[in-house]
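Look for chain A in each of the two complexes below; its partner is chain B in the first and chain C in the second.
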Partner chain A sequence: MENKSQISTILIATLILCFVCSVSFAAIGCELNDPDRDIQKIFPQSTGYKTDYFTIQEKGGEKLKKEVEEKLGDAFDPIYESLDVPYSYYTILKGKDVIGYVHGVNQKGTYGTLQIILATDPDGKIMGFYYQKVSSPEALKFRDKAFTDKFIGLTLEDFYKYGDPNGKIAAIKDPSQKSQEDFKATIRGTKKNLILLDTFLLNKKHEGSYKGVRNDEYK
Partner chain B sequence: MNLFSVALKNLARKKVRTALTVGGVAIAIAVLVSLWGFDTGYQRSLNNDIDKMGYQVLVTAKGCPYEAATLMLQGGGGLRYMNEDVYKRISGDARIDKITPQLVATAYDPGKQSGRGGISLYMGIADSYLTLKPWSKFKSGKWFSDENALEAIMGYEVAEYEQRSVGDKILIPGRNEILTVVGIFERNGTQDDGIVFLPLKVAQKIFEVPDKLTGIGIKLKDMAQLSKFEEDLYNEPGIQIISLAQVKGTILNLVSSAKAMTNSVALIAVIIAVIGVVNTILMSVFERTSEIGVMKAIGASRLDIFRIIWVETTFICVFGGVLGNIMALLGGKTIEYILKSVLPYAPKGHLVVITPHILTLSFFGAVIMGLVAGLYPAFRASSMKPIEAIRKGE
Partner chain C sequence: MTKIPLLTILMLISISNAALASDSLFYKELNLIGGHSRQNGWVGHTQELSNSVGFEHYAKFSSDYGDFLTTDLQIRGAYDPNQPFSDAISCEIHNAWAEYRASNTIKIKVGHFEPAYGLGQIIDVHSTILQLLTMENIGYTKDWGVELRGSASGFDYWVALQLGSGMSIRRLDSSYLFSARIGTPAGRDFQYGVSALCGNVLDTEGMSTFPKNHLLSDEAIQKERIGFDCVYNWNSFVLKGEADFGVNSNNSVIGYLMEADYTPPKNQNWEFAAQFKSFVNDLGSSRTDDSKLSLGLTYRLSQTTKISAAFTHDLNQYHQPRDTEFLVQFYYYGK
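And then the complex of A and B:
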């Protein structure tokens, strides 16, 4: 009887240990939880995808970081947006044709990380937007389709015109009452996401629009 | 021409066949080395994990382990609680060097896994926690300002994952409680890296379990008193005593069962490799029947023939052994990655540790394998009668 109790005791401890250890966390890059499933859901017509990993370190280092920060209009967090953060890009294929990209970024929110996933067409126009993770008392409002759908159709140019009161971004209203910072973080994360996509995969296709907006500002 | 160069020359005659046989031996040796490496690495990591828990004995509430595990895995609380009074009673025991109360709590986070939900882990701790874990250092920040403060200290990995710095807020999902991060621990390679710590009283309040604990960690002044101490505590109602040495033993036993199976598979691989080697060398002997006959006819002794064939077999196994060791060294990381994703409980640290001792052992194992595998073909070759051999070869 005592032996049985001891075995139970040991089993409990073992199970607790297993459980505790399984709740450890992975690296700080933002990857899709289940790429096969997630990509099929976003691009049902896709026949495959390939994954690439880039860091700012390997693609241009400090100089590139400064360039991205300038376009973003904000400095990178020295701890969590360091040069060696890996960014994963999923290039979506239909046969041999590229039909889009999926890319996520970790954006610091008020209560935790926001994982913002964007699906774009080959030109970088947003076709899908969702939060893979959001920590907020108003998380449901942020996840609401009525809010996330407002990002569909936007391009990097729209984000460069963020300050324009008549711009498309200005038309997106904060869905929350108490989490304005998370709304701002969402806009920042999405803009950063598009800038990095443009830099790493689109050969800076949207560079012209950035220069155009900047020249307008100086006029 | 000496014996070794004759043997090497003979092996080089059928390059593909020799390469395939060497490959077979190499795979068997690589599997064997990886398994031994896993055995060493797993035990080492597990010892490290358990030592870094800081205590030798864990006191928990009584309960059915299966029920608790099921509830925990389903995302419910599932944890059994005991009264804090137990801690107060036990802490007076003169045999105790250090003791700390703990309250482990889980919260269902609907924001995890793309909105499909997941579990976040929290632990209420008291000031005494750090006395049991002197290696826990702050990367930034400090200890809680007060036992009732709505503050949190985060493990290194969870802070990184949530991008939290000292002064930031965190939300406890489901409870809608907001805490301020006052400290972040340095990475210490244990489960603590993934936990958010709260003052014990705050955790009891937030998770609505006032005056309750899930565990008491104890370190004794003298380990020799462990059995007597455990025996005395069995009289306390509603609690159970877990010696971490037993936990370690249980996990190792569980792993041993799996290891016995994989070792059997490795043994089968080695046997198949040996049969492959015997087969290859026998084929080679039969193909060279007339040649062996001529060698004997011009004066080669039975021992000479035996040695040539025996050395050929040993060479195959030695090359296979060396290649297998290289393969195991190069593939260790991959095997570790697969094991970590497959095992229900994988301790932190390297799971596959291939030591020089293992490499030496496997190399000599391969040599012995070659010597054994070569016996029969060498015997067959050396037993051939010259005239018959020359005639058969024609």
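And then the complex of A and C:
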């Protein structure tokens, strides 16, 4: 009798919970390990932050995926870049005012995941760049401030001009000796990060600067 | 008393769906596990994992000035094929907590969560066959209580006071668990920490919250520990280590774990793991250790689905015959 009562309690609780919950997402793409510490470091004047989650599935599905792939100049990796994986976006506040954003992406590297975190101003200009995770024998060279500071001041428009030999991206040199693929992956991940920011939060502000990209950029 | 967890769940869910919630994530989970044990024949569960369906609901709450509250609720409906049907179904509450962000350096958590001790504080093993030393050290992986989490220049710290009861809510024989850990900030390639705990911990068996898991004794075990743990992300390897020393009632105990995980660069869907862990139950007597060698293999079908296999071999067991086990797991966690 007691068992029947316990099973009924379990079933009722499960049913209630299943009906009450309604929003559906998948595993998180890349979120900050320690948002308070990281945000304070990049935005010392901030007084708080607000976290939002977006998925490509929710924001446009297969059509949006194709659009982002076209702008990126490369197809998504099924393990690292599935449609239903939520991306975390941190809106940085000073009082009630928005002073910037922090957002990260997972990018396939030669030895595993690269987690590329960008801090931008409200217009999407990079104010901070760092790897939360970098699996590479030359990780120290990639994490070196002399390299990461080269991304500061760049915008999505600069990445859309990736193929321009006189462009700002061409001026960034690979810091490694033998990890050229990880350098290319860093550029790809940073561009993807900015495209997703533009799509999810900036209302496609940089759409006008997109003139098409070569399809062999990351080959 | 038995209704308190249910009320907690409903309260957390209600809060999560209220207009205040700025954003939330809902994951569905399916865990299928089975294998063969030399001692027990065909098995359908491990100490920590059962065949189960469940969900996790994670929510952030914010005002115009930013996030101030995070909640997490993770529940599994588990089925144990080795039990008669009336005892085979259970409800496991894993995470059920709310964390208030008092400032950018101080958070206060209430509910069901990991004790502030060892690698379990920084590594999530809720879906893996290879587990850490938490079960051997404490007797369970999560407990009900409150925690203060803070960060200072160069280190993070956690201090928790819990019931000492594990999965189910009980308080007998003045049970409690006080734990604390201080360690390097998350996200570094090399992370390490020092932990300590003391308390009167109830000896239970099983992961069930409803009905309550089995209480093996009405008397709590007095436990004291101090431990060191570390994780090193090195190229395609993740190396983990933990060593603990302390007392269980009148016996001095020691535990240690070493694990190496490897992801082949050219086939990043695959992961190999090798683990050795040992827990000596009475340092004053010989052959009182529970020592186990495990080899694991995981293949990721996608970002949300994986298939794992593990071979575990007991090098010694204190209270029971040595066993050799082979397990296979299908795990889904996503939309």
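What we mean here is this: the second predicted complex is superposed on the first by the 182 of 219 C-alpha atoms of A that agree within 3 Å, B and C clash if a C-alpha of one lies under 4 Å from a C-alpha of the other, contacts with A are read in each partner's own complex, and residues count from 1 in each chain.
Going forward, a contact is a pair of C-beta atoms (placed from the backbone, for glycine too) under 8 Å apart; a residue touches a chain by one contact, two chains touch by 3 or more.
What you see is a predicted model, and the numbers here were worked out from it, not measured in a lab.
Contact with neither chain B nor chain C is seen for A:152 once the two complexes are overlaid on the shared chain. When the two complexes are overlaid on their common chain A, residue A:79 makes contact with chain B and with chain C alike.
In the superposed pair of complexes, A:49 makes contact with chain C only, with no contact to chain B. In the superposed pair of complexes, A:36 makes contact with chain C only, with no contact to chain B.
Using the contact criterion defined above for the overlaid structures, shared-chain residue A:137 touches chain B and also reaches chain C.
Contact with both chain B and chain C is seen for A:112 once the two complexes are overlaid on the shared chain.
Legend: residue contacts after superposition of the two complexes on their common chain; A:93 is shown touching chain C, with no touch to chain B.
Within chain A, the residues touching chain B in one complex and chain C in the other are 6, 9-10, 13-14, 16-18, 20-26, 28, 33, 79-80, 108, 110-112, 132-133, 135-137, 139. By the touch criterion given at the top, residues 3-4, 6-7, 9-10, 13-14, 16-18, 20-28, 32-34, 36-37, 39-40, 47-53, 57, 78-80, 82, 84-86, 93, 95-96, 108, 110-112, 132-133, 135-137, 139 of chain A touch chain C in their complex.
Touching chain A in their complex are the following residues of chain C: 6, 9-10, 13-14, 16-17, 22-28, 55, 57, 60, 62, 64-67, 75, 77, 86-87, 89-91, 101, 104-105, 151, 156, 185-187, 189, 210-211, 233, 235-236, 263, 265, 268-269, 300, 302-304, 333-335.
Contact residues of chain A toward chain B in the complex are 5-6, 8-26, 28, 33, 38, 77, 79-80, 106, 108-113, 130-137, 139-140, 143.
By the touch criterion stated above, chain B contacts chain A in their complex at residues 49, 58, 60, 63-66, 68-69, 72-73, 104, 109-115, 119-121, 157-158, 160-165, 169-171, 173, 176, 178, 191, 193-195, 240-242, 244, 246-247, 249-251, 254, 344-348.
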